[in-house]
Structures are given as structure tokens and as C-alpha cells.
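Structure provided below as C-alpha cells; questions to follow.
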């Protein structure tokens, strides 16, 4: 397995300067007031290599709402608990549709296409709720395991705001329940879901947290073996095909790495065997992915000469 | 770039023996008589590493109908001609639907989701027809460039049989034309499309032909630089997200390689920087992918310890 | 306006005997235990002409769960309150889809196609909840106005059972809410909806209750002018195009009358200017309409020589 | 059966003056050049009562392209030939979708929802082609039977223009063929279809032609019994539920009559037992129905005090 000899040679500041002209050309998520207030001109980037070395630039130390990036963390918990049986409840195919669509969910009788569209992520929270007495606490413990810090927390105001605008997600949960693919109280599960979405982390913390996917399942920070080497590859496969909403193909084409985005403007990507990388820029394109963030990752892989392809 | 030091240690015969019990559990494609006649118990596998070394087992020398695997070859021709402008006419996102569905094509106003569903592949043939005076001849020349042999040909009986049952594909072409995304005569383009589907190649020939995608765009057999290194990665990205019909996520999860299947029972997969591999077993699962073939590839990547993730 | 001179000549018992062989060939609704217990061999029919004369046969005096027939009653209340403004919130086109589908509701941004599919009927209950302090009580008063009896009531056990299996309906309500087309608490509105579904009436009571639609908006029993003559025609138009789930066209073709069915096995139909008719047979066809009931109505219109066409 | 005593009292000129302000607010069909040239300020209306009396106003004598109104005429021919067996090949339910959509046609495996959406009308032409040696000539003979004149003809330039822009319809035909619900050569059938669409008739001629549907299947002009009394009611049922594209419910609500529209701007409607009526105004609303024409019919039924409801 080759090492990430080149990361220290990358000029992350220069990458950020190249994409800074994109600021002002996207739109900050505004479906809840708490997110709409974020300044659009934030820009940060951090890399964590498999030896735990950190490289960063811009607003890499500022915590932001990780939103859908949390879906990978909850999935990691559920995959550990359920193993392969998980896939009887959630599919692992790209949806070809918007992340919050109910159409496919109805046609496919309540089985969400994958764990990264909303319906699938809510189903994962349902499964966690069935087996864990305190799923929100368990997520915190996972982050501790991954980053070695207890300081990460969920923003209660954001979580509460999400729940006030949660009808689309509640519709999905009830639809799954009508197909006998939902086990717990809808509102209880949505609390777990929104708590995770409202977790706030910086680029550096996210790069650290996701180092296990670059390092055969073992955190490069704490050396904790979070999932098996095989499971780590499988999670990366899911990220590569389903991680960027309905723009997964474009991201594979332009960036060439497994990744996961959130409407808070963060994107995490993995160079298997080398490093994890996180960018943050709150303005989104119309797919809901960070505009400057995805461009920064495209430059990153071009300059590094790395992609999984 | 690491070399494929391990391929010669793989026991391909043993892999085929492991999957042989699956024979009889799938179904040979029967939508045209010419394909329905193929014996279900064929089983072959071949590897071509980036040095041009060939490893093979079973019926690896027997030619079969490459069917949708040809979509990658036509796409390669079109990508060379049109470059990035190609993507104004064809998308590069997974469809989340059956390969021959018209639903998304109508909703998305005649722009096919990707070049590997039927509508997209037919659109690629339309684009080739616009620019090339003899697109069928040009495909032959590409195969010559890739494999170093002029002996590969298209089966006229199969092509004719396809055209007799081509209404679904004709419907797609006319629907694209109604949205002004089709430039040539429908029947003329379908001839180009079916000619390519009816090309017959063996596992060894296919492994050779696809070695350029493992070798930064250069054929490991003829040393011809077919596409640029960057384009080679981009083609692999498309294969990884869209190459296995509506089973791309599952294939990424289980096999972990870019790949392309055909209803003739062939599957080609790429280990970037190392080798290309082809398996053949005519019986399909209900997604239209070779049942034993995809299992053989899953064992292959497990034993080799390779995947892109 | 011609009078219903012929109804007394109809042999309703003979009609019921003609359709009795169909008993056993459909299926009683079983989505809630309370309905599944109903005996499949019930069969009743009643006519109320515009002079208030009643003709009946079979189990015409036995009360059953009126289910979706109640949608017409709630719509009558809402139409009286909102007038034409109602149609900004609910459409009046046939859906071409199953009565409980969310697909069209998502594509058409939370505006239900018509007031007789579930989403539309729930939206009507939402509108009633906004304007009425006691919508359930108001429905009872309407029935009193229509039939001249206070004895009609809703079955609490059925209503409670419906609420326990209400996830599909809750999904619709939340989806409408996510599109800003829902004003009240989802559970509160569903209580109003299920209370109406669980109302129990006999064929005779239903024929009486719907006489206003045959009599230019005025009850033939109590002479109460429930809606205007114009509104009565408009309600009949809605029944003719949308009243029989996704079988409205077939019902128009075979029976030729405006009508409304319920999964309790009741069907009400209107001969404008002449009479209202109700049949009851609990076994349903796969569209959710009474099998023997719709056949009885077909014979009824053939023998009477009446249809709106 | 009551007679149309009141038609002679209607002031058709006054009705046309009421709707004339709508001219300029719709859009003339422009999908083929031959139709786009029609002047938008044409306005005509004609009534034919069951005694053959004609009442007319405005441009009632000017021939226009009947377009989809022809679907009723071809259906009448096919219904006569095939009887009830026709419905194995074409449904009779409203589609809830655009008249030229392929989505439902794919989901419902090539059986068109009804004979008035394009797919259904083309299927009717396919059935005519199977049984008739000269289906275009047979349509002319039907018009002769209905109107008593041989002077009606199809505009060759319009028919040719339609065929040049026929890809959407060809897509439907090929899709049906792929589901084994199409018997003849696609282009041959489309010729029959477009020939009928391009027939040119005046309001007076259309009112005469459709009098059989008001008169129990017998032409009020020639006394020819074109279909049985029962079939006449059944055709009216189809018109009432499916005749106005995806606006059938609205037309039933506002006008309250069975009817059929065409993108040439004509609408025919039936008052069963009394009269047939035709309006013409080329500007369409976004459903493809004549804007002023449907308003004129709404005033007509209000003033006449007639509707089927």
C-alpha cells in the first residue's frame, strides 16, 4: 500500500484561492432559518493522512453543520450492529432521483434505495433506535472513537428548527411504516435523525473522523478499528455510487473519489490507502452540493494525481 | 504505479469451479432467438495485465455476443471525437431505473441519463453517425487498435434478429428525436447500434481490448494511446457508477471495480493500474447481469485483495 | 324535469338475485381487523326517488361502514363553506392512479388531484378543521339535515382501528404540509377523516342522504336545500369523473351514472332529476369497488333505461 | 325523451360576443407550420338538434382542421367492427397525464389508457388497418353517412406536415409494438392517423356529424343508424371521462357535457336526447383545449339550463 508522500507538497491555500471566485454564485441552504444565517463566504479545507498528519487551509477550524455527512456516521453504527442483514431494510443502489423524493419509495414498496437519500438515512436511524437505548449518545461515542475528542456536539437550535420543518421526512417515515418497513415511533426516530444532522464539526475534525475509511477501517487518529477492512471498502463503494445525491456520477467523473456531501456546505472525500479530505463552502449548486467545495476537490485530485480510477 | 505481481498466482480454474454450481440458476437472454440458443453452461475467464500478459481459464477462447459491452467501445470513439461536448447530449448519472425504460427519458426531455442505458448508447451511435462516414468500420478499426487483430467481426444473423425486435429501442430514438436530441435517421442509427451489439469476442479478446482502461488509456497489447490518461479515468468513473444497469451499487459493493456487463453473459472489469478482466457465463440474474460472472469477479477481487476502494 | 315514474316497476329483488352468484368471487377489505370481520354474503339495495319514495330489497336496512362514501359528505360541507375557492387547494381531475398513491401528489407539489382520492379527502378535512370548531358534529348535523334522523353514528372501534393503520394517510398529510398545502395538526385532521369513514349507514339511509344530488340540491326527505342547484350538478360532475377510484371510466361506460364507492362495499349512484340509489355487497374487485354492487347498478340502469348519456 | 324546444331561443351570437374578449389570451397550436398559420381570431358555433335543425353563428361555415376530434370518428368505426373486444387492446380510464405521455403506456405494458390520448387513438388506427383494406376511404364513407355530403376531405399538406413531426407518435407506436400490442407497420398506421387528424370540417358539418351521439346512435341528418343506442351512450361515457385531455374533470364541472376537443381549436359536445354542438376558436389553453370555445360551451349550458348532471 503506497503512502501519502505527496500531501505535504500540496498548496491547499492555492487551491482555495482558485475556487474563491465561485463564492457568490451558489445559494446557502435556506429551508430552515438556522442554516440560512450562515455566511456564504466561508471556505476551508483539511486533509488527514493515514499517519494522522493534518494539512489545512482557510476556515478549516470553524465548526459548521455537518447535515447529511452524518448519514455516513449513523450508517457506520448500524453496519456494525446489523452487518449484511442491514441490506434487507435499505438498498444500495443509486436512486436517480432527488434525495427527498417519495416516488421511488412508493414504487419499491417502502425499501429506500440507499442509506444516503433521506428515506434511507431515516430508516438507518429507525434501526439504531430499535437496538440502542441511547442512539444519540452512541453517535457521540463514535465521534470520540474516531477523533479522540469529546468536544463535538449537536446544535440544539438547529435540530429543533429542523424538526419544525420535518414534514417531508415525516411523510417518508410514515410511508415506510405503511409498508411495514419501520419499527419505531416516527417522531422519536426523527429526533435521532435531526440530532445527527445538527452535529457541528470543523473541516479538520471531519477529516480526522473519516480517516478510518482511508485506512482500512482504523482511525488514523485514535487507531480504533471502527469497522473491518472489508466493511471500509464496502462503505467507500456506497459513497462512490450514492454519496453525492443525484450528482454521484458527475462527482465520480470530475473528482474520482468516494465522498459525501451535506447541505451545510461540507464535503468529505476519501483517497483509499492515503488520506481523507474535507472541504467547506456553504453555497450550494442546485443538486444541494457545495459549489466551491466540489470544485476544490476536483483541483485537489488533479494536482495530487490521485483518483480511485 | 504498482504492478500486477499477483495475477499469475491466482488460480482462475479454482474460481470458476467455485461458481460453477450457479449454472442452471439464472436464465439465458431470450428476447431474440439468436441469443436464446446459446448453451447456459459456458464459463470462461481471462485477465490481461498492463504488461500484456494473459491469464485465462475455462471457455476463455470461445467468442460470444458482447452486446452492451460494445457501448463502452462506441462511447470511446465518441468521446475521442466530441470530448466534453459529448455531455451536452448524454448525461453521466446513474438512472435508478431499468436499462430500457422511457420514463426518465420523457421526464428529462430526451436527454438520456448516461451512455450505458439503451437510450444513451443509441444517442452515442447517433453522434457517431453524424461525424463518421462508416461508423461500423470505425469500430472494427478501434478493435484492431486495441487487440492487434483484424479477426473480430459482428454476427449478421444476430444483428438482423435484433433489428427485428427493435421496437423498444426505436421508441427511445423517436422520443429523443421528438425532443430534438437526435440527428439522423432512426433506422440507420439502429443499424450501427445493433452491429456493435452483435460483435463477437472471447474473454481473452475482451480482456485485451479493455486493457487501455487499466493502463492510463494505452492498450497493453498494441501500445496504442486510445484515449488520454484523464479520459481513461473518466471512463472508469462512468463504468463504476453506471456500468451494471440498475445493479451498479451492488456490483461496487461486492466486486469494487469499474465494469460493464452485456446480456450475452459477459462482464468486463478494470483494476486501474493493474489489469483488465473478463468473465463469461450466459445465464443472467433478473437485472440482466451474468449470475456466475459477477460472483466470479467478487471472488477474484477478494482473492487478489484488490478493489478501487 | 321528468319524474321517476318507473322506479316502482323495477323488481329490485330480481336484480339482487341476478348478481348473487358473484358473491364469493371478490374479497372483503382486510386492511383493518374491524372491516375484515364483515360477512361477505350481505347484499342490499335501496332507491329514494325525488318525491321521497323508498324502494328496497335484501339487506337494505342493515348499517355498514360507509368509508369513502363519506368523502362526498365532507366535500359537501366544505363546498358550502369555501365555494369556488375550494379548488385552489384540491383539483378536480381524475388521477389515473391508485387512490392512495403519493406519486402524483409529489409531482403536482402537494395539490391533490381531486377530493375523492385519499389525499384530497384528507385535505377537505383539513379545510373543515380550519373553519369549524366541531367538524365531526357538523357532519352529524348534515346527515340529520339530509335524512331527518339523529340515529346515525360513527363506529368508534372502526375509527380507532383505522387510526392504528393510518400511516399511508399520515404520509400524504405530511407531504401536503411540506408543500404548504395543509393547515392543521396531522393527527387532529386524521381523526376527523377516520370519524367520517367509520360512519355506519344502511342502503336506505344512504339513498335518502344522497337524494339531494338527484333533486337539484334539495333533500327529498327533509326538503332542506343543502347546496344550490348549480353546485349539485357540479358535485355530480365530480362523481362521474372521479368517484370510483381508478375505475371511473369503466363505471361510466357500464353504469352511466355519477357514483361513489367505499371499501365497506357500498356504492351510491345518482339519476339526476329522478332518484338516488345505494347498493351494498362487501366483497370488492381489485380496484376496491363492490363487485356485485357495481354489477347490480349496471343491471339497474339497463332495466330502467336510464343513464346520464 | 324530451325535445330540444329551447335551442331556437338561444342567442348564439350573444354567446360568441361574451367570449370574444378571450381572443388573444391563448395560443394557436404551433407544433406544425400548417396549423401555426391559422388566424387566432376565428370564432364560430353551430348546433344540430335531433330533428336536424341547424343553428349557427360566427365563422360556423369555415372549415378547420378537426385534429383530435377525428379520434371519435375512428373509434366509432373500430367499435362497430370489434365491439366489446376492442377494450382488450385499449382501456377506457382517464389517464391523469398529458395526452402524449409515454410514462403510463410503459408502466401499463403497452395498453393505452383510453382511445382519446394519442397512444390510444393510434392503436385504434392500428386495429382499423388490420381489418379494413382502405381505412382512410372508410372514414370518408362514415362522414358521408353522418353528414350526407361527400365534400369533406383531408388536407394533404397538413397530413404531410404532421408526418414530418411525428416522432412522439412513432415512439408510442413502437413502444406498443414492443409490448406486442401493435399489429401493423408503424408508418402505415401513422398515415391513417394523420389523414384523419387533417380532415377539415366546419362547425356546422361537425355538429351534423356528431348528431348521432345525441340521437341514440342515429344521424339526425341522414337517419343512418351508425351505432346502437347502447353504444351511443357508451361513447358518450368515454367522452365525458376522457374527451378533454387532462382537463376532463374541469370540463365536466364547468360545462357538464360529453365532449371532444382538438388542437385545431374545435370542441364538439353532446346534449343527449337533444342536440350536438360545435364551437371553434383556434387559440388554446395550456391543456390544448380551445380557450374561448370551452367558455362558450359553459355559457351555452348555463343559458340552456342543460347538463347531463
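Lettered A, B, C and D in written order, each chain numbered from 1.
Rule of thumb we're sticking to: a contact is a pair of C-beta atoms (placed from the backbone, for glycine too) under 8 Å apart; a residue touches a chain by one contact, two chains touch by 3 or more.
Source: prediction; values computed, not measured.
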Among the remaining chains, which ones contact both subunit A and subunit C?
none
With centres defined by CA atoms only, which chain is the most remote from subunit B?
C
Geometric centre distance via CA averages, subunit D-subunit A, whole Å:
55
Using mean C-alpha positions as chain centres, tell me how far subunit B is from subunit D in Å, no decimals.
48
Chain centre separation in whole Å, for subunit D relative to subunit C (CA means)
32
Touching pairs - complete list by chain label
A-B, A-C, B-D, C-D
Mind pulling up the subunit B residues that touch subunit D in the complex?
101-103, 106-107, 167-168, 170-175, 177-178, 182, 186
Complex interface listing, subunit D residues touching subunit C
2, 91-97, 104, 113-114, 232-234, 236-238, 240-242, 246-250, 252-253, 256, 258, 272, 307-309
